[in-house]
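Below, chain A partners chain B and then partners chain C, in two separate complexes.
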Partner chain A sequence: MKGTRRFDPRPKIILLAAGAVFFFLPLRLEVLGAGLMLLLVPGGLVLKTRLLRVLSSILPILILVALLTPFFYRQGTPIWQMGETVVLTLRGLEETGRLLIRFTGITAVFALFYLTTPAERFLSALEWYGLPFRAALVMSLTLRFIPSLFTLYQRVEDAHSLRRAGELADRNGFFRRFRNLLPTLTSVLIQAVKKIGPLSMSLELQGVGLSSRRTRFVRLPRFRDVAFQFLLVLLILSLLVTVLVIFPQLWYNGAS
Partner chain B sequence: MSSSENSPKDREARSRNTTRIASLVIMTAVTAVFTFMIRIPIAPTRGYLNLGDVAIFFSALIFGPWTALISGGLGTALADIVSGYSQWAPLTFFAHGLQGLAAGILFHRIAGPEARLGQRRTTTGLVLAFLAGTVIMAGLYFAAGAFMFGPGAALVEVPGNILQNVAGIVAGTLLWSAVKRAYPPVTRYRW
Partner chain C sequence: MNSYALELDRLTFQYPSYPGLPARPLFKDLSLQIRTGEFVIILGAPDAGKTTLSRVIMDLLPRYSGGVRTGRVLLKGKDVDDWDPADLLAAGGLLFQDPEEQILTTRCDSEAAFSLESLGIPPEEMEVRVRNALAWAGMEDFAGRDPSLLSGGEQKRILLAAVRARDPEFWIMDETLEELDEAVKEKILHTLTEEGKTVLLFASKQVDLFDRFPHRSFLLKNGVLEELPRENREGRLLEEGLQYEGFGGQVPPEGVEPDTPSGAGDRPVFLEARGLSFHYPGGDFSLEISRLVLYRGETTALLGANGSGKSTLARILTGLLKPQEGKLFSPGSGAPRVLLEPDDLKRQSSYLFQNPDYQLFLPTLEEELVYGLKSPDREARAAEAVERFHLPDPEAPPALLSYGARKRLQGALAYMQPRPLLILDEGDSGLSFSDFFNLYHRLRDRGVTILLITHHRPLAEMLSHRILTMERGRIISEVRP
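Up next is the complex of A and B:
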């Protein structure tokens, strides 16, 4: 785990983009499956149950895809016919496999990235790629405000439930629950909006908007210190592209 | 700080800028909290209704289209990342961001700055904001879902997304009216 966190987020972003694109390429099912395995096996070894937890969250949608997709394809070699009507074809099964691998692959690529990259390093990497300072500032301040706003929500909810304990005893029904939530949300929003003034003043006092050079809390290593990691990533990607260009039989030709 | 940056005009511009940043930060955090922490269970399906769309419509009505674009997109995308659905984050950013932008533009163009509940043009603005927001959000999710895991499974998600939008516009409108009445200075944050 430590090793994956030491891997610089800047070349990791290139891998993330390449991984997401790979699963959309019209390749043969076996090639996509091998790509998925290359992600899941080392990923599973490093992240263990954390990756499994992410993948289990997409299980309902995978089941839905497996049940619905095969019947959308009538072309190709029939496998199951009811009278004259073709119900299931080989093409339908192949497309289902493709969609299952694609969705699992994209989920795994993003999960591997976010589970091994701390948010502040990710933001610094985005800044390195050209994300404006103000956008990065908004994102990092938001990450700091989320826990405080959630605590505020809990306090307001507690205060409201103390005031109307009898009313809230009967909380059944979606609309009643929804209606009961509105006074709490109103109070939370007013308290949240009231924070805008002090936050704005504090930003101004800290010199946000001035032309002077900003200091950084998180500093990424110099490019030359991680050049080897960039080189490694580019080498892997070039190798992959070369293999896909040299062997056209790896591409899906649509015949089944 | 150079002397040219200390003129009253520059100070005013800087203050406006920091207020915008602060309102974006607070509304993005509110959207993220409403999306992944406040959930109302729906008994028949055992699913959940999250309140992210409530925050987006509220931002669009109170703060205007630009805050709704950024806080809607970023807040829901952060919520996706934190709750383990990071594969949806890029799509969520665009779908919810554009939903907020469209709702904000239409509402403020039609209802105007003095909008109040009960006015005809306010109602028209709200209906059009809801329709535009729903078509953009549900449409983008459907298109991306169809591309990623086929039209069959993508179609199943459409009613849930429409329900989210209905809850969003209903609660968002009630909150817009209540917050404006209880804390009138909120209107000065619109841009």
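Up next is the complex of A and C:
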């Protein structure tokens, strides 16, 4: 864990962008799946339950995607028909898998990046790439508040689980979690919206928006001290691109 | 040079109207003068408008809230509207009541340094200032920690360090001393008064500590500031429920006394925990409790420094956290004990969280109170709860109520769904004595077993049958007051 935090955020940003792009490429399902595993296995080893907790927070959305997406595809080889009506096709299942992998992959890429990169170092790295301070601050604050919202969600969920216990606990069954999600999400939303005003005030109270030139408390290492990390990242990406160019069969051709 | 650090001149402020919460002036023609180097305390009930006033002084409201302000706020003789933002940042610091609202970064040292960066302080100087400020707040070992994962009291200390690093002349503290350890509170006030800082402290109760430092007190009530000369201050604050005189003799207010002083074994065991062990993944904190017993109908106070594990223990006792080792039991109806799983613990527990907002989600107060209840008399019970907990109009939106009103609503929710175990986590924080006593009395009335987490030892000594003190995840003492 400490090693991943020592990894400089500047080359890590390149990996973040590449990871996000990878899951949007029209690749075969197996390739996307392999990419996801390459991300989750080492990520899980480094972050253990933290990564699992982040991924479990998107579980309701994944379930909805898995339940609804297959039935919106009529093209491709039918695998379930009711009379003349095609209900389920191979293409529908493939697209569902693609969406699930894509969503999980993007979430995992950002979670891995954020959970191993303090927001202040991310901010400094964005400024190093030439982004103006305010834009970099907005991006780092956004990333900083994603885990905050996740923590908030857990606290609210705890509070609601106590409130539901007892008189409200009679509701059992498969959809109970979904039914309980609405009050929890509403509380989280109220809390999140309520944070906007104080957050703006706090930023102002701490001098964001002043015209004077900001100094930096967090200083990134000199480029030459982390050049090998950049090289390593570029090597990995070159390898990946080469493989994708040499083997066109890795790309999805639309047939199923 | 102007000898006044702050002057309020006929200040009037009014929020916009919301359904169920019609606009009314929160302050009217409020005037006040604070001399440079003076320590002033503004006391007021939770709904008095203390937070609003602190933000109006720093020129944040009504810009961020809407509403109307008239009158003038002068800082060092200059209208706050005319201050250059950088000068204002260097000259004054405001600490919010809820530290979570103010934290911006993911490292404690970066948090302390953030405003120094804005002021363009050179990095070498910044490092020294941050290190010293964290040490001053007793948080030097937390430099690399994520503030969002700290307890409320620890977060307040990080924000105190952040202001200290900037070292402004004028400090505005909104309930900042609540939830802090006694020694830390004393150190803060000692340093600031010793160094001649101008301190404006907003507080919901008068405590003995304040009297150790020369100060002037004001009462904020119904939008009016009333100066409280020392000779008749106590009577006035007692009248308003902002001070309580019974602590010395352990005299509880009417209706809230523990019903019988009890020794171990007087009462049946309600809950027993054995061999509890818990640690957060990736953290260095661990909780180790060899044995803990809560007796039925007793109030047990849990004291301890910030981060000592009080809330973690409470979360285990209510089934919100599952310990890695250890078990919890309740005595069965016969001799054998019954092992309690997290779901059993949740069913028997009410938890008044430090943050009252976690449980609120409905558009009106009444809907919130009756949510999930099936009994035919639920509306009547809700009306009773509104009256008993001094809540505003049942149509009012809970999210827009004042902090104190939301705390009372939280109590009312526990009242509507009574459970045998009640956790009051910093239950008195941000409340006046009268508000807290009322809340405690209404919930205690029902004979529940209470775990009271507080930093206020006299309060614990007065209300509880037993006091447990925690340190670094262990219970280090158990006394019966």
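Heads up, the rule we're going with is that the second predicted complex is superposed on the first by the 173 of 256 C-alpha atoms of A that agree within 3 Å, B and C clash if a C-alpha of one lies under 4 Å from a C-alpha of the other, contacts with A are read in each partner's own complex, and residues count from 1 in each chain.
The criterion applied here is as follows: a residue touches a chain if its C-beta (ideal position, glycine included) is under 8 Å from a C-beta of that chain, and two chains touch if they have at least 3 such contacts.
Just so it is clear, the model here is predicted, and its values are computed rather than measured.
With both structures placed on the common chain, the touch criterion links A:T69 to chain B but leaves chain C unconnected. In the superposition on chain A, contact is made by A:S212 with both chain B and chain C. By the touch criterion defined above, A:T186 lies against chain B and chain C together after alignment on the C-alpha atoms of chain A. In the superposition on chain A, A:Y153 contacts chain B only, with no contact to chain C. After overlaying the two complexes on the shared chain, residue contacts for A:L203 are found with chain B and with chain C alike.
Contacts of A:Q249 after superposition on the shared chain: neither chain B nor chain C is touched.
Of the two partner chains, chain B and chain C are each touched by A:K195. Contacts of A:V138 after superposition: chain B is touched, whereas chain C is not reached.
Contact with neither chain B nor chain C is seen for A:T85 once the two complexes are overlaid on the shared chain. Looking at chain A, you'll find residues 141, 148, 186, 190, 194-195, 197, 199-201, 203-204, 207-212 touch chain B in one structure and chain C in the other. The touching residues of chain C, when paired with chain A in their complex, are 55, 58, 60, 64-65, 85-86, 89, 93-94, 96, 98, 101-107, 109-110, 113-123, 126-127, 130, 148-149, 162, 281-282, 315, 318, 320, 343, 346-347, 349-351, 353, 355, 357-362, 371-374, 399, 413, 417, 419. Of all residues in chain A, those touching chain C in their complex are 1, 48-50, 118-120, 141, 144, 147-148, 151, 155-156, 158-169, 183-184, 186-187, 190-191, 194-195, 197-219. Looking at the complex, you find that chain B touches chain A at residues 1-2, 5, 13-15, 17-19, 21-30, 32-34, 37-38, 40-43, 49, 51, 54, 58, 70, 74-75, 78, 81-82, 84-87, 89, 148-153, 156, 167, 171, 174-175, 178-179, 182-183, 186, 189.
Those residues of chain A whose C-beta lies close enough to touch chain B in the complex are 53-54, 57, 61, 64-65, 68-69, 71-72, 95-96, 99-100, 102-103, 106-107, 109-111, 113-114, 134, 137-139, 141-143, 145-146, 148-150, 153, 174, 177-178, 181-182, 185-186, 188-190, 192-197, 199-201, 203-204, 207-212.
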